[in-house]
Amino acid sequence: MAKTTEITVWATGVVQDKEGRDVCLVLTEAAFSEGFFTQAFDNYVDLPDRINVQVRKYARISDAEIENKFEYENHRPNIIGVAEATIMKGINVCKGLQDGGYLIINSTKAPEDLLKYVPEKERKRLKAIACVDALGIAPEQLIDYSGAEGAEDVSAIGLGLGAAMAGAIAAVSGLVKKESVLGAAANRTAAKRGYDEVKIKVLK
Amino acid sequence: MKERYKKYIVEIPEEMSIPYAGIVESPKVNGEQPMMLTGGWRIYRPVVDHDKCVMCKSCVLACPDATVLLVDGGQKIGFNLDYCKGCGLCTWVCPVNAIDRVPEIDFEDGVPFQDALFLLPHVEALYAD
Amino acid sequence: MAEQYKDKKEEILKETVKMTGYEDAGFDWKSEKRVGATKFLTGLGAVAHALKMADIDVASSYPIRPYTGAMMMLSQMAARGELDVEFVHGEGEHGQLGIAHGASAAGARAFTGSSGVGVMYAMEVYSPISGGRCPVQMLIGNRTLDPPGDFGSEHTDALSTRDQCWIMGWAHTPQEAFDNTLMYYRIGEDPRVYLPQMNCQDGYFITHIPMKVVVPTQEKVDKFLPPLSFPDALDPLNPLGHGPQLFPGQGHVLEATRVNAMMGAFPVIDEVVQSFNSIFETNYSPFVDLYRCEDAEYVLFISGGHAYTAKFAINHMREKGMKIGLVRPRFIRPWATDVLADILSKFKAIGVVETNNAFGAARQAGILTLEVATTLYQIPNKPVLTAFMGGLGGEVIRLDEFYYMGDVLAKAAKEGKTERTAYWIGFHNI
Amino acid sequence: MTTLLEEQVQAKVDLPLLQNIHKAAALDEIYVPGHRTCAGCGPALAYRLTCKAAGQNSIFLGPTGCMYVANTSYLCVPWAVPWMHTQITDGGAVASGISAAYEARIRKGKYKGTFPNIYVFAGDGGSSDIGLQAASAMIYRDHDAIFVCYDNEQYANTGIQTSPQTPYGAWTTFTPPGPKIPEAKKLWPKDFARGMIALHPALQYVAAASISYPVDLMNKVRKCANVHGSALIHIQSICPKGWGIRSNQTLMVGKLAVETGMFHLFEYENREYTYQYQPKAFKPVTEYLKLQDRFAHLKPEHHAKIQEFVNQGLKRCGIKIPVEAV
């Protein structure tokens, strides 16, 4: 049985559309360079994207060919990324989280402060919660619609906030090596700072 | 005839059923569409300074989501935070700068918490163990 | 009728009856006790008269031959004040169907029609209308698509829309076109169905050739067809949302409800045809018109106007001792699989007369062959199946061409096989 | 107290014009909260103001576009009045059918209420491009219905693509700028409302309004509703997503469009035009262009070209106010 890690990144519609997608693209690019089988995709169902709506960007990283590639969503994610912490106030971002999962949030706050937004059931499953000031590290939130509708992204992958988030996710989960993430992100510094500066609270 | 053609009829499980021809009930006048809660979209919350407010009602007509309300018997401006998307148009339109935009995360409440966005009953199982 | 034939009117009618021998088709003048004014009407005229009696509320038109005459008659009726209808001149077939869609959704009994390329131009709107469950009726006077660009009949136009969830069937005489107009409205407006209907007839052959039609009294029509009641109509007093977007995960449910409406129409059709027979004292069978099939060994399977000539041809072949019959489906949608399977299983050979073309399809015949072959699949001892490509681009199928088909089928029944999946009439020797 | 709906059911009454913002704000909310449009969505505001002005004796039609997809996502409808989806192609046709149905049903005694106001709420694509034929036919046949074009100057629902209303020089995902095509979109937009006036000499009432002038917009909607026959209203509805502005800048940009002469507020009534915005001087278009990311690639010569186009447009309207090219 193949071991597949599913990543769901929550972001703010339009404003972080590209950044959310970049988190997934940087991580899958890094994993691909390490020999994994990967898939990065948008939430097609909820397109078109609207300003401020909660959007989901997905990635799957596996040690064998991914068989459920056509599933619209990651129903049972292992890692949750949240590019805008406020989203957690309105929605259970950890819905369906696998036991031993990780939650990584872009916020200046401490991880403990945000734990209250995770319902009891999902909190028990968290192995660690982490915060990274991705916006502080790379304040750029690039708006680029080219990659949103199945076309290729024109602008480089991982120029801003997305790179820092991807670095942080790599650091927390150990899913991919630091060098691979730095290699995959256009903004190497942001990815490195994200990797180094993430604040982690281990829960079990 | 009825019996004979029964095999062609698709039995639709109760939990999957949707309205005939997709015809749905309209919400009530001055009401809400609770199936689409949008308060969770908000990053910045509008906060009105009633001392500054001159009740010109510009903000009432500036909101695309009809979330700027007249409260206290029409004497004050209030917000329907269950649906306010935090666009900031009320702030911009205010001639006396009476509406501030405050980060939503700094408040304890004011956003309806949803377990999932539009989860179909027959898909619910996919999220379970 | 010309002056010199006035005295011979009864005689001519009797002769017509003898010639056509409509025993099974519901047109047996000898046994039928139809009451009403006897007129000579084209298929278009017959439909227009039926629409007047159905008291339609909205008609939307756009000119294209050959269906146009029906709209011309309706506008005359409106101008004379015989029919109270909102007559809307569409900006094209697409708009025509849009108008009918809106009218029907707003609770009006709506009618529209088209032919040939016009039917195709409206293609986008068929699914929204049936999906919105609006019981619009559309008259299709069949015309060949371009090329060749002539006016002649071919069924490819209407059949191309067969999978859009519209009730669909062909009349083979103006009388049947008249009757179908009323029956289709009653079927489509039944709350168990709520589906639009395509009332098809062959261009020229049926649309333009006058035949005898008995027009019943308004009283009987009113008894058969009550006014439309559409409780979900667009109405500010009862606000509803029609057609919001849904999830991909809900699409299949909506599709299933539409399947149920279409397949649920079977008992409704049965009921409606029985009710029609009892009110108008006719003897239609709901789904299939059988002609001289009792001891037949091989049959022509044919939909639409050419069945008229085919019946004469069968009479002549019968005189020569050939055991040939005719099977004519009265509905193409819904397709009466089980009824047809029962009937077709009795024969040794079946020849589908296509009058349409399905380029590159299985067996490279027409669309009807695909349906018939699928129907036969559930029969253990399958009859030999072949198709006859005739009546394409408006070509007439003559008596001798039916004799040719008879010969092919006789040989097939005897040998248990055919050389071709489709015989192009006038192209091959047997 | 009888509601307006009850009054209208008994006998159709004209909708009174609104004297001020307070009267406008007090009207019932027909387009209620709970829809998936962008934060700061201009078309949604146009919809809300139109509905508010329209009142309850109304039927709304939604040809495919943002205001269909975003508003009705997942079986939600935010209208307290009947609403129906139409294809993007045939909003005008369906409205014609509904109007004809009510004519017939009321005449024949099959409907007890009075004639409803029927609104087609079509985007610029559904009005001036793929829906033009049906829109024109509805107006030509003079059906008692109101054609609303909510013009966000692009196909926004499909992810910002060029439409005939997209201005010269605008970026869209189908007209990206590049070394070969520095100005992005090379074509000049259609003048939809005036074009419809020219095409339909019997058309009684046409208005151009902007979401940034809400009371003016609502009164124009009411004037449309009070016409017996077809009426047309063209509403400039700023799209923060497609125009590359922040969600709180929607109204500001709408105001600037009027103040620079990029968009004219007008009424066409009794065969005559009146213009609602006639300042001493118009602002230079550069002020409008530089605010929006969709024009970010433009060079001064493009700005000058647009200014020239705008000046000519003002001259054509008979507004003799000099505007200097920048």
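Things worth noting here:
Per-chain numbering from 1; labels A, B, C and D assigned in written order.
Note that in this section a residue touches a chain if its C-beta (ideal position, glycine included) is under 8 Å from a C-beta of that chain, and two chains touch if they have at least 3 such contacts.
As the structure is a computational prediction, the values presented were derived from the model and not from experiment.
For the pair chain C and chain D, chains touching both partners: A, B.
Centrality annotation: D (chain centre taken as mean Cα position, compared with the mean over all protein Cα atoms). Ranked by C-beta contact pairs, the top pair of chains is C-D.
Computed centre separation for the pair chain A/chain D is 39 angstrom, with centres defined by C-alpha atoms.
If you average the CA atoms of chain A and of chain B, the two centres end up 27 Å from each other. A straight line joining the Cα centres of chain B and chain D is 24 Å long. Measuring from the averaged C-alpha position of chain A to that of chain C gives a distance of 59 Å. Residue positions of chain C touching 2 or more other chains: 132, 239-244, 246-247, 250. Shared contact sites, meaning residues of chain B that touch two or more other chains, fall at 18, 22, 24, 26, 37-38, 41-42, 85-87, 118, 123.
Multi-chain contact residues of chain A (touching two or more other chains): 13, 51-53.
Taken chain by chain, the contacts link every pair, so each chain touches all the others.
For chain A in complex with chain B, the residues that touch the partner chain are 12-13, 46, 51-54, 75-76, 84-87, 89-92, 95-96, 107, 109, 119.
Put simply, chain D touches chain A in their complex at residues 36-41, 66, 69-70, 156-160, 173, 176, 240-241, 244, 247, 293.
Taken together, the chain C residues at the contact with chain B in this complex read 131-133, 194, 232, 239-244, 246-247, 249-250, 253-254, 256-257, 259-260, 263-264, 266-267, 270, 338. For chain C in complex with chain D, the residues that touch the partner chain are 57-58, 60, 84-86, 88-92, 94-108, 110, 124-125, 128, 132, 227, 234-247, 250.
The residues of chain D lying in touch with chain B in their complex are 21-22, 24-26, 28-42, 44-45, 47-49, 56, 73-83, 214-215, 240, 246-252.
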